[in-house]
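Shared between the two complexes below is chain A, which has chain B as its partner in the first and chain C in the second.
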Partner chain A sequence: MSEFLQHLVNMLVLGGTYALLGIGLTLIFGIMNVVNFTHGVLYTFGAYIMFIVVQQLGLNFFVALPVAVLAGWLLGAAIELTLLRPLRGSDIDTTMLVMIGAWIAMQSGALWIWGGVAKSVATPFPEAPLVLGPVSVSWLRLFVLAAAAMLILVTYLLINKTSLGRAMRATFQDHDTASLMGVNVDMIYTSTFAIGSSLAAAAGALLGPVYVIFPQMGDLAAVKAFAIVILGGLGNITGAVIGGFILALAEELGAGYVSSGYRDAMGFVIIIAVLIFRPTGLFARAERVG
Partner chain B sequence: MRAAVTILVVAALASVPLWLRDPYLLNALITTGIFVIGAMSLNLLLGFTGQLSLGHIAFFGIGAYVSALTSLGFDAGLPGGFRLVHTSWPPIAGFVLAILVAGSCGYFVGLLSFRVRGAYFVIVTISFAEVVRLVALNWVELTQGPLALTNIPSIALPLPGFGELTLRTKFHNYYLVLVVALIAYLLIARLVHSHFGRAMRGLMENETLAVSVGIDVTRTLTLAAVISAAIAGAAGSLYAHYIRIIDPEVFAFINTVTMVIMVISGGKGSLAGPVVGGLIFGLLPVALRPVMAPEAQWIAYGGVLIAILFVLPRGIVPSLAQRFARRRSGAAALATAALTDTGAKEPA
Partner chain C sequence: MTRALGLVGTIALATALFGGPAGAQTIKIGVNEPLTGAFAASGTYVVNGAKIAADEINAKGGILGKKIELVIEDNKSNPTEAAAVAEKLITSDKVPVLMGAWGSSLTLAVMPKLIEYETPMVVETSSSGKITTTGNPFIFRISPPSAVEAAAFKGIVDKLALKKVDFLVINNDWGRGTAEDFSKMMKDKGITIGLVETMDQGAQDMSAQLSKIKSSDSETVIVTTAVDQLTLIFKQAAALGLKKRIITTGGSQNPDQIIAQAGAAANGTMHLTTFLPWFPDKTPNPEATNYFITEWKKRGFEFAGCTESFRGYDGIRTAAAAIEKAGKAEPAAIKAALWNINIKGLNGDIVFRKSGPEGKESGQSQPNVYLIEINDGKVEMKTL
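This part shows the complex of A and B:
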């Protein structure tokens, strides 16, 4: 039983960052209909920004986090403006392949700049974990959960309470009509991609110090984000949050009770199962695209 | 005219080992040839049914593992105390089994993944490939996991009356790959010009319309997936017996991307496209090797993919064919251009 409780606690910590990843991708996928293969690279990028700011510039850990979010925002906007805007109106396969090209180039760039040796980031948190009865959790992981929860809340408010968010939701429903109502759809697309990218960078910046940082770390993160989006349904933010926690639970239980080698297979199994048995996602009302 | 060009190209390719003595280049040509076979099989799905399968390497890898395990033999435990035991068979049996097993996998994967389309289809196919990779990595008793299967025997051709010919050298393997590639090319060419090929293309252009004129969508797509997977399995088997060592990295996503780049750059839906694209992108690393670090090569790889999609979105072969046709006759040009413009669906 105590083992199970420990898995639940781990699930909460992991699920928070997975939800961040999933929200970022579901916004981009839902609003722009772009299968964003650079999402994992943005995750890696966020982690490396933490490494640069904390380890190389020697600045404070808590300063590094907003820097990573901002850097992810800028890189996302740059990708959208240079690669996606000229391809507006091309078919989904073309943009997907362009995104694959960008992913290969950027990941190889990270390997070129920082090398393949894994990096770690020092944190200001005490080594000794917080022990609560049968379960224990490190202070760093608690902070990660709190920061992820805060970012999820901010994103939720941004989408539901601001005029930018209203324009984004309108574009998701029907970009032609939104355009006729005076929404600058190009600007919405760039903002969406930038926000989604900054959330991926935030997830990387939070999880990077928990694990280690290396150029290919984003590949699995990207797949997990796809799994979460498919679980939660396209463009569904609440679905992405729940999906993030379900995936984390499946991985924890899979690693704990099946075999740790198959931990990372859970995301793929979920993708296949959901698309075969319930292709609109678990909670989706929105219709399917494609 | 077209047949003459094909024969000339084949003759030129067949002459290569007679004058090329550089083993490094010959090796690059053989592995490129193997990937060209994979790219041709991917083109059958991507170019003629319009389904972008990004899990294609799964069939290649399954072919490689089936062929290697058949010729090496194995003894692996199953849940419930059963054991899966197999003594080694000749590699040529492995080659045949690789085709059969990869084809059956294509059937099941196709049956499941063709329920969804577009981005969802792409993600399901990636997931299948990754699950297979994780199984190859974790089922150590059968696959040796990351330790790799080593000492895979070379393919031996039985020659009645002469015993058998073991294809161990690069010289032999070059011709083996060339022959298999030629068979695959002719098979695909025959297919796309058949009734079945027209059904596939009709479906690609307008699925609803294709259904309304009585094309069985699921049957057509699944059959295309089976043939495509079987050819990829054959390529995987050639790879295993040529390289003679395989590990789960054969399933890496980047290998699928390499095949996709070959098809897209050469021209999807054109028979010669994957061959042209395959030769360019298979030999590009060889050309870049002296001037660039490996990481920089991959940056260039990604950059070239993006550039091709921006500049020649339909691929090299269809674009050149159109230009050639335009120059040849002024008046007929418009008609031909209009013809090729229907999305380069006509095979070159």
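This part shows the complex of A and C:
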């Protein structure tokens, strides 16, 4: 029983960051119809910004977090303006190839700048964990969970309660009509990509100090983000949040009770199962086809 | 203007293509190591150690009147890449001997290429038993196979009063081979084997495996992986309140890095290692050890890397000694000469003995294995 409780606590902490990774990707896919292969690199980028600000500039950990989010926002806006805007209207394959190119170029750039040896970031949290009966969790991970929950809430409010969010949702439903109603669709696309990117960078900034930071760290994160998006349904934010927790639960219980060798395979097992039984995602509303 | 640029380009190309003859003044040694990916830290240390050996040999005039040139390639911690890199080094760079490829799975992937091109390789780190037992006569290993580690550990098992042991190992030839060899030895000693948990080489979160181990009724965990994953395990074990005795194997732990990154969580942990940079006087070759450590520090590298980098140093000295003995830089002659060398390595004499099926034996040297314990943030030696 105590082992099961510990797995549940691990799942909550892991699920929060998975959700953060998933909503950034699903937002971009849903609104822009772009498969963002740079998502993992943006995650890596956020982690390296933490490394620069905390380890190299010697600034406070809590100052570094918003810096990383802002840097992710700027890099996302730059990618949208230089790569995606000129390609507007081209087919999804062309955009996908360009994004794969950007992914490889940026990952190699990180390797060139920082080298392949992993870096770690010091945190202000105590080493001794918080112990509650049979379960125990580190303060850093609790903070990461709280920060992730806050970012998810902010994103939710942004999309559902602000005029920018309303314009984004309108563009998601029908960008021609939205454009006729006076929505600046170009601006919406740039904002969406920048917000999605900043969420990926935030996830990297939060998880980088928990783990270690290296140029390929985003690859596995991106695969998991794709699994979460497929699980929750393309463009579905609530679905991505729940999907993040489901993936974390599957990994924890899979490693705990099935076999630890297949831990990272659990995500793919879920993708396959969802694609067979509910191809529109677990949380898609019933839709009339044809 | 365009034509001028074109001319510059042509000259640059010609220099690149015909710059070859200048290279003939050197003797090349191919180095196939993971410089990116999961084992980047360890591979980089080995390469830095290799460079110290090459510079030392060249400062003394080189071998056969020529300087040594290391041709270093990154195998990206990926077996497919390791095989491709070996092929490139042999066919394109024309190296007569290789050193590599750090991980057991990486080395095993390279081995068919060695047979195909009949080129010998000094294996500096890999510990899977399979490497020297499958009948590859181009393999000359200076690191201990995991069965040798297990045998060395046998002596202390009673003193530690081990009763039930869990394993947490990297999910590749190295980790699984270690779990197998140590389980066999421990079962003979009457110790119960509990869980055998694995982790992917790129995995960063081992909380699930550690939670499972925390709930088991064993008192000791044997952990096998490289330094980056090890520090994560120590941090995550501490966060989960895992109180069991942790013993690591494989010699790629960099204990000082564990002390620096895991803090108090490192106290009481034990590590099977193959080099003692903390106690140069207790090493088989104190003079060389002191030279190596001084040079390592002079170059501004972290002391923690010594336990890994000495292998690159010994590996290159082994290859160089064989080239010298062969009298020419040709693969067949070097292979034959490797059987006859006897050099003082930082971890014992490097002399190859036959291992594997008759007629196509691999070479295996017999390095020392030590057990160290971390106490109050300091490394102490335990007698095996």
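The rule is short, and it goes like this: the second predicted complex is superposed on the first by the 285 of 290 C-alpha atoms of A that agree within 3 Å, B and C clash if a C-alpha of one lies under 4 Å from a C-alpha of the other, contacts with A are read in each partner's own complex, and residues count from 1 in each chain.
FYI, contacts are C-beta pairs under 8 Å (C-beta built on N, C-alpha and C of every residue); 3 or more make two chains touch, one makes a residue touch a chain.
On a predicted model such as this, the values are computed, not experimentally measured, just so you know.
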item	value
Touched partner set for A:Ser138, first chain B, second chain C, both or neither	second
First (chain B), second (chain C), both or neither touched by A:Ser90	first
Touching partner for A:Leu111 - first (chain B), second (chain C), both, neither	both
Touched partner set for A:Leu282, first chain B, second chain C, both or neither	neither
Touched partner set for A:Ala102, first chain B, second chain C, both or neither	first
Chain B versus chain C as contact partner of A:Ile52, first or second or both or neither	neither
Partner chain(s) touched by A:Ile272 [first = chain B, second = chain C, both, neither]	first
Partner chain in contact with A:Gly261 - chain B first, chain C second, else both or neither	both
Residues of chain A at both interfaces, chain B in one complex, chain C in the other	111, 259, 261, 264
Residues of chain A defined as touching chain B within the complex	29, 33, 35, 83, 86-87, 90, 92-94, 96-98, 100-109, 111-112, 219, 223, 226, 230, 259, 261-262, 264-265, 267-269, 271-272, 275-276, 279, 288-290
Complex interface listing, chain C residues touching chain A	35-37, 40-41, 44, 74, 171, 197-200, 202-205, 207-209, 211-212, 214-215, 228, 231-232, 235, 238-241, 261, 263-265
Chain C-facing residues of chain A, complex	2-3, 6-7, 10, 14, 111, 115-118, 120, 127-129, 131, 136-138, 141, 211-212, 214-217, 220, 251-252, 254-256, 259-261, 263-264
Of all residues in chain B, those that touch chain A in their complex	52, 112-113, 115-124, 126-128, 130-131, 134-135, 137-138, 253-254, 257, 260, 264, 293, 295-299, 301-306, 309-310, 313
